[in-house]
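Shared between the two complexes below is chain A, which pairs with chain B and chain C, respectively.
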Partner chain A sequence: MDIIAILEDILAATIRGATPLLLAALGEVVAQRAGVINIGIEGMMLIGALFGWVGSFYFAELLFFAPWIGLLIAGFSGLVTAALFAFFAIRLRGDQVVIGTAITLLALGFTEVVYVRLFGQTGSLQSVPYFKQFDVPLLSQIPFFGDALFSHNIIVYLAFLLVPCVYFFLYHTQLGLRVRACGEHPKAISTVGSSVSLLRTISLLFAGAMAGIGGGYLSLADVPYFTPGMTTGRGFIALAIVIFGKWHPIKTSGAALLFGLGFALDNRFQAFGWDIQYQWFLMLPFALCLAVLAGFVGKAEAPLALGKPYDPSE
Partner chain B sequence: METDNILELQHVTKTFGDLVAVDNVDFELQAGEIHAILGENGAGKSTLMNLIYGLHQPSGGSIHISGKPKIFKSPRDAIANGIGMVHQHFMLIENLTVAENIALTVAQFSSRDGKTDSIESDLKSVSQENGIPSKLSTFRYKKNDAIRLTEALSQRFGLAVDPSVLVRTLSVGLKQRVEILKALAVDARILILDEPTAVLSPQEVTDFFTILRALQSDNRSIIFISHKMKEVLEISDRITVLRHGKKVYNGKTGERSARGLAREMLGEELSEVERKQNKATTDLVLNISGLTVLGSRNETAVLDVSIQTYRGEIVGIAGVDGNGQRELAEAIMGLRPSKFGTVEILGMQPSGTKNIRRCGVGYIPEDRRTMGIITSFSIAENLMLNIMHFEHLAKHGIISQKAKNRAAMQLIDTYDIRPPFANIPAAALSGGNQQKIVLAREISPQPELLVAVNPTRGLDINAAQYVHQNLLAQRDRKKSVLLISTELDEVLQMSDRLYVMSRGKLIEATTHRENIETLGLLMMGEAATNA
Partner chain C sequence: MPNFPALFRKVKSFSVSIREIILPFFLWMLTPFLILVAAFITNGIIIFLFGYNPIEAYVAATKVTFGSLRGVGETLVKSTPFLMTGLSVAIAFRCGIWNIGAEGQFLIGALAATWFGTKIAVLLPNTPWIAVPLCLSMAVVAGGLWGIIPAVLKVTRGVNEVISTIMLNYVAINFVSLMIDGGPLQETSKTGPQSDPIAEWVFLPRLSEFLPRLFESHRIHIGIGIAVILAIALTFVLFRTTFGFQLRAVGEGAAAAKAAGISIAHNTLRVFFISGALAGLGGAIEIMALVPHRLTENFSPDYGYTAIAVALLAKLHPLVTVATALLFGALAKGSFAMEAEVGISRQVTLMMQAIILLFVIGSSAVKFFRKRAL
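Let's turn to the complex of A and B:
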């Protein structure tokens, strides 16, 4: 393997690895800009991964459309989970960290139970119709970059196209302006006649749907299987990405690529067959996460009202 | 007369549980009048305004706009009916620009027919040649449109402010301007101003009153809430006094003397704090020389400050908030490192807050809720927080519960903390009683030096007097007091010697009341005029 081919391979893997992180993080950016810390993101991804896969399984005869239906179901299941979060965190004004942790733990158990109920304790993995590689016409012919950037499944392209969309929403629409205001000074936004709980609920539902789709990507595009606990901390990494991306969608996409590189290197290094225990490589993205947060979290400027329940009577 | 009432409240009542915050209040506001509402803290002024603005809903009675009864479910309804409010704590989003803050309000209401017509035609006339938008899109946020709209509003009302800067970079006076613009942007005919002058320097107050008069001549009505008698008498056409949620007085400005109004506010004769003449001593307590301190954003907050305090005197430091007072106090207490200079207490240079306190320094911090007490702790526990009490009540680090409660009850008794129970959380107490906890804790060990920062902020007149008596008692015990306050009246009344702090520097000033204009100029950093 020559060096060019290795680089090409790593770049392509970086982008694939970044995609589920980016999807979840983009939703989380919006939720946190509205002032809600959605720690349940890991659980929402896991639920999305399961139900997306189940959806594709049951609609398997539709072939091409099966993974699309699966992805829709993944997003919807994430949204429903987020609605549960919203009920406790916004309606009942509970502690967001506690509720989010509870949702993640709940999802871990729930997805495994559902999976085992449906398919039993099978040793073999059940394959479903999934998103196939889609080479972008012409662009994929470019040497080096063609294979690295334009020979992925369709969700990869859509995820990166969403970045400017979220940016436009936050910075160039009135609703986006209100979402940002909501995370800075919710009382101020309510005194000009907006509903804080409505804004936060919408943002949270969006975050849930995006986390669900991110999870669905794992079981419908990365691999055509579901395994319990398959998100392996990607939700928490998405949280770190949001902080590292300074709550800005474009910077967040950069952060997602950095962590995607972490996952890519982890895989490549394992493949090199070096005489190092593979667990060291598995640790790589998380060690990166720790290093990045330790170095940057102090300088980051979080939305002022982040994580604080809004009580209009105060 | 009746038809002139743009706003009328009839028998409005608001209860929170058992507490009657507003009790059967009638209120009338005429078009183009400035109507002041006077009352102590907790008299129900803010609650009444929140009812008018739709933040709370009345438990009884009715609100009429131009003769028609209205129900405001949220501020949205109030705004749509031409009511604007400038809250005491600004409702601005600090990390957004001025234009964005304005746009947040405008976009929600410009789409409605009718209500903003007049402001739109106003703006059109201002902006015909430039093609400035008179409304904003409800979907897209267009930065340039918002900026031009803000500029047009500024021009129309003569309230100059840069639309494209972040709100957090503005001075308090300018922030207030943005708040007023926000209300005017949706064509508020009734403006509620909650304690608008509390944060302003004397010069800014003068500018502010000019703005109010201009709005008045535009036939807009203003409700002006304050507890500053002098300002109310100067600006208002009519005065309503609230006490314990009830309306106790209503009349034209000038019908009652200041003293008469104060009596209505308090329900009793106001007793002035007795202040004996003082013999200055030459015993040095605090000696600061050449002190320079950095603020939290690494800016120079205190610059080359030198000041001495002696036994048996109160030294006052006046100044507008944010001119380095907080950093100075924190540097004295060892809570913030100093860059240059020395702080000597009784000839020693202790390092660290613990050692500084051991030298006999008491500290009343500026914000009792975040720095003075721990609201979830009991009264007794809060009283124990002072290291001097702690050492006395604990053996080998273990607190004797009996001794703690006994000591607490004694202090609760001496300082009249109500309700008088050692083990209820401090959060359950009123602001005045919370401050008494701080006083009891800091003054009872009789410190050689007491550093008090805004010790009466947010307290009613009686509680404030109690604090003042304690500061004076400390002086009469031949201790030294450093009083840092933004309340000019307070420092003038209390101080034996007076300084003004402006942009990190100290300037010596006189305590004569006649020099209040000069003091105001000093506070704004206009030195040299006093010479």
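Let's turn to the complex of A and C:
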């Protein structure tokens, strides 16, 4: 293989690998900006992956629309999971870390139980209609970049288009300002007459839906089938990405690409016969995240009220 | 003639002890008990909605876990890692430290034991009396040091331990994979992602070696005893020593503890070391006590996360943790019977654990239970 083809391949794989991480991380940015630390992303992604795939499976006759319906169901199932989170975290003011752990365990168990119920213990892989590659007209004709950037499935483009949208929402709308204030100084939001609970719930539901869609991407676009535990820690990587991206949507997309590169390289290293163990690349995101947290790579400032339940009577 | 006044005093003090010790204890235990009942019912309803028979499933699980001496033994074997990681979480949470890193610390402990058992033990051939304690302490130190990392980050750089411990879990998982899949600890034949079995003289003794008639081919090992003794020791440390008092004071209110002259940094470092050491020891016990005596990929089926449920259900009390760990061990063992006889996936236990956790959260939001919390 010549060097250009290799680079093109790596760039394309980076973008594909980054997409589910980016989707989940964008939601998590909003939730954390509102002061809710959702460590149940992994669970929400898994739920989304299962239901997205189940949706596409049962609507398979609709051919073109089947994966879209699947993705919709994936997002909705993530949203429902987030509603469960919100009930315990915001209504009952429970500890968000414990709830997040519970949601992840719940999803790990639930998806496997559903999967075995539907397809039995051995569970042969059931392929479903999935998102096909969509070459952007004209742009995909550009040499080198055309294939690497504009020959993906449609969700990839939508995910990256969402980045400026979330940025605009957080920094240039009144609602976005309030969401951010919720995470910094919830009392102030209460004082001006907005409901902290409501704002946090909405942010959390958005995060859940995005995580669900991110999971749906895995079982509808990455591969056309579901396997239990197929997220393999991507939810926690999304968490790392949010921190690495310093709670900013655009920096977060950069972080997602960097981590996507890690995935792309680890798949290709052995193929090229390079003498570095691929696990170093899998470890890197988490180690980098630690370095960022410790302030060795620029200082990251978490939202002040992150993870603290808001009690209006205090 | 009996000494009536003395007897009367005794009876009176007995009734006082009922009112002041036994009754509150039962009230204190009421919450976990009700949580369990509620969780079993909820889980049963979900199983039912999936079209399985929950009663049949529970009966099958109970039969295989507590129906025979062998079943009880297996349950004990299965509950040991839950107990070790549960103790690790309990002691950290008591101090207000959200250590989600038991998973990684468990793996690092197992890795240390494997390294010792495959590489170092050869230098001390056939010396179980030296090799076994040395191997265990190796794991204690390794797990403890892995636990110290988030503590140092927290004390010196103010890094939130929830996130740092999650990240360290994944560093540990990949580090283990690095070591056993292409790394220096991979089996000599280099076929699969697993280590060689550790040397035979580093195995933990089994009960069947001492009482071969009663426990023939049972897997009960002395690691279970170690875990229970540690639970008792931790109870003593927590409630009867200055260190334990300081630790709990920091957990109840860091500001007040600081004002009283307790060093938060010191306690954070110490507690994280102990917490990591306990989880690490748990990992080593699994390697040293159970066949195949080698480190494999997916060595821990989320023990570190389940441990949070184990500890919280026990209200972070080390002695009660023994009971809850036993329950989770029974669930783990029973799930195989449920899968075999009713057909439901054995991962249903993860769902059960999550439901327990959610009920723990729910119960602390209700005033009646909150008064009795912790």
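Please note the rule applied: the second predicted complex is superposed on the first by the 286 of 314 C-alpha atoms of A that agree within 3 Å, B and C clash if a C-alpha of one lies under 4 Å from a C-alpha of the other, contacts with A are read in each partner's own complex, and residues count from 1 in each chain.
One rule holds in what follows: a contact is a pair of C-beta atoms (placed from the backbone, for glycine too) under 8 Å apart; a residue touches a chain by one contact, two chains touch by 3 or more.
Computed from a predicted model, the values in this text were never measured in an experiment.
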item	value
Touching partner for A:293 - first (chain B), second (chain C), both, neither	second
First (chain B), second (chain C), both or neither touched by A:171	first
Contact breadth on chain A, by residue count: chain C or chain B	C
First, second, both or neither for A:5, with chain B first and chain C second	neither
Partner chain in contact with A:198 - chain B first, chain C second, else both or neither	neither
Chain B versus chain C as contact partner of A:250, first or second or both or neither	neither
Which of chain B and chain C A:181 touches, first, second, both or neither	first
Which of chain B and chain C A:102 touches, first, second, both or neither	second
Chain C-contacting residues of chain A that also contact chain B	none
Chain A to chain B touching residues, read off their complex	171-178, 180-181, 184-185, 187-195, 301, 303-304, 312-313
Chain A-facing residues of chain B, complex	53, 55-56, 74-76, 79-80, 85, 87, 90-96, 100, 103-105, 107-109, 136-142, 182
Chain A contact footprint on chain C (complex, rising order)	50-51, 98, 100, 153, 157, 159-160, 162-164, 166-171, 173-175, 177-178, 181-183, 302, 305-306, 308-309, 312, 339, 343-345, 347-355, 357-358, 360-362, 364-365
Chain A residues touching chain C - in the complex, by the definition given at the top	37, 39, 84, 88, 92-95, 97-99, 101-106, 108-110, 112-117, 121, 228, 233, 236-237, 239-240, 243, 277, 279-280, 282-283, 285-287, 289-290, 293-295, 302, 306-307
